[in-house]
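Encoded as structure tokens, here's the structure I'll be asking about.
Chains: A, B, C and D, in written order; residue numbering restarts at 1 for each.
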Amino acid sequence: MEDFEVGFELNKMRLANPSIGALVSFVGQVRDVNESDTVNTLTLEHYPDMTEKALAAIENEAKTRWDIIDSLIVHRIGTLKPQDQIVLVVVSGAHRSEAFKACEFIMDYLKTSAPFWKKEATNQGEHWVEAKLTDDAARARWKQ
Amino acid sequence: MEDFEVGFELNKMRLANPSIGALVSFVGQVRDVNESDTVNTLTLEHYPDMTEKALAAIENEAKTRWDIIDSLIVHRIGTLKPQDQIVLVVVSGAHRSEAFKACEFIMDYLKTSAPFWKKEATNQGEHWVEAKLTDDAARARWKQ
Amino acid sequence: MNIKILYFARIKEAVNYSTEEITLPNDIFTVTALKNYLSLRGDIWADLFNGKQVVRAAINHELVDNLANIKSGDEVAFFPPVTGG
Amino acid sequence: MNIKILYFARIKEAVNYSTEEITLPNDIFTVTALKNYLSLRGDIWADLFNGKQVVRAAINHELVDNLANIKSGDEVAFFPPVTGG
């Protein structure tokens, strides 16, 4: 899936609304080393029909919980290499505190409920990345 | 002071280090309306000799508190108009949670301890922007 | 009843299916019952669906728990815990 | 002793100074004492420095509180609470 241009996406959201005072973004990058193995490629599989609904649900939940103006999630799929961008989340609002919380919330929910799976290819072979307990813990902080 | 190009700054920091997994950024924008007055211009004054030290101290404190890789603060001065960018903070790290906290910390400290002052020009005249108690409260959350 | 089942990631590779349409006996109406039914297909299936590893399920693109009801025409998906982002 | 004083923002406009070098009496060695000393210059100065409004101080580019010591050669700055970002 095609790459995104972070500057373009941030400027587009910001300039679309003059009542935006704060714009918080998260960019995920493929790291060169994961759990001590050198990563050659990272392949992202997803469940297309579910992905769109899951991401929309996460954004809607964020808009319900915080006073934000707009949000964007872009998630790449297919085969990526180290230093490629994986994911972009942008949240805008009148004030920074709500935008920071909503952006981190979206990332924590995306990590635990959006149907993406990573497979790493290293010199030791290919393996599926294991889900992390720290991601479950990060999500649990937001339970109401 | 010249504008910054958010995409350029984010990509520069991200691509400089392949162990970066997470990049969190904050962009502040001049809003068109503040406290119900239409803003024509916003002029930022600062204390040049102190600014550099204050921003470096905030970044150093963030690096002491969290496991981050790099950080950047760009703050514009002079006369800006609605929808101009005011400030950029970027923080990179291996993992998102530390990068989110450090970025929000830097903004909260910048708002309360970096020597910048805003003067708004509206149709009702010019006035200095008042410091907000919510900014003091935001900073107080980080007290150790 | 007839349903469609999709498999993803590690589970897709293990069972060597990405999707199938099957006719279920009438007493299979929860996710747990479907997992138990699929376990009968052999060791690979039993290893996946006997509860020793975490297998998430979605019905019609919504994450569900093991007690969720399955009805005719549903699209059921099985996959490991997600690892995107 | 001789010090340099800088004024910023609302305070600079009120006193109509941005910077001055002054020789202080020898008993002025804290920020509070300096504020009290400046208050004697007249109503505008008294209004600013009599404690009724928040005036922050920095010595040699570090934020300080009212009890901070001033020594010869210091650069002291007075300004309102900051509003950047």
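Convention: a residue touches a chain if its C-beta (ideal position, glycine included) is under 8 Å from a C-beta of that chain, and two chains touch if they have at least 3 such contacts.
Please read all numbers here as calculations on a predicted model, not as lab measurements.
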Review point. When every step has to jump to a touching chain, what is the lowest number of steps that links subunit A to subunit D?
Key: 2
**Study point:** Between subunit B and subunit A, distance of the C-alpha-averaged centres to the nearest whole Å
**Key:** 23
Check your understanding: Taking each chain's centre as its mean C-alpha position, how far apart are subunit B and subunit D in Å?
Key -> 26
Point to revise | Whole-Å separation of chain centres (CA-atom averages), subunit C against subunit D | key: 72
Revision key, fill the gap. Multi-chain contacts in subunit A, i.e. residues touching at least two other chains, fall at 28, 107
Check your understanding: Going by the touch rule set out above, which residues of subunit D reach two or more other chains?
Key -> none
Check your understanding: What is the complete set of touching chain pairs?
Key -> A-B, A-C, B-D
Point to revise | Residues of subunit C that touch subunit A when the two form their complex | key: 6, 8-10, 54, 58, 61-63, 75, 77, 79-85
Check your understanding: Hey, which residues of subunit B end up touching subunit A in the complex?
Key -> 5-8, 10-11, 14-15, 18-29, 31-33, 82-83, 85, 94, 96-97, 99-100, 103-104, 107, 134, 138
Point to revise | Residues of subunit B defined as touching subunit D within the complex | key: 28, 44-47, 49-50, 53-54, 75, 86-87, 107, 110-119, 128-132
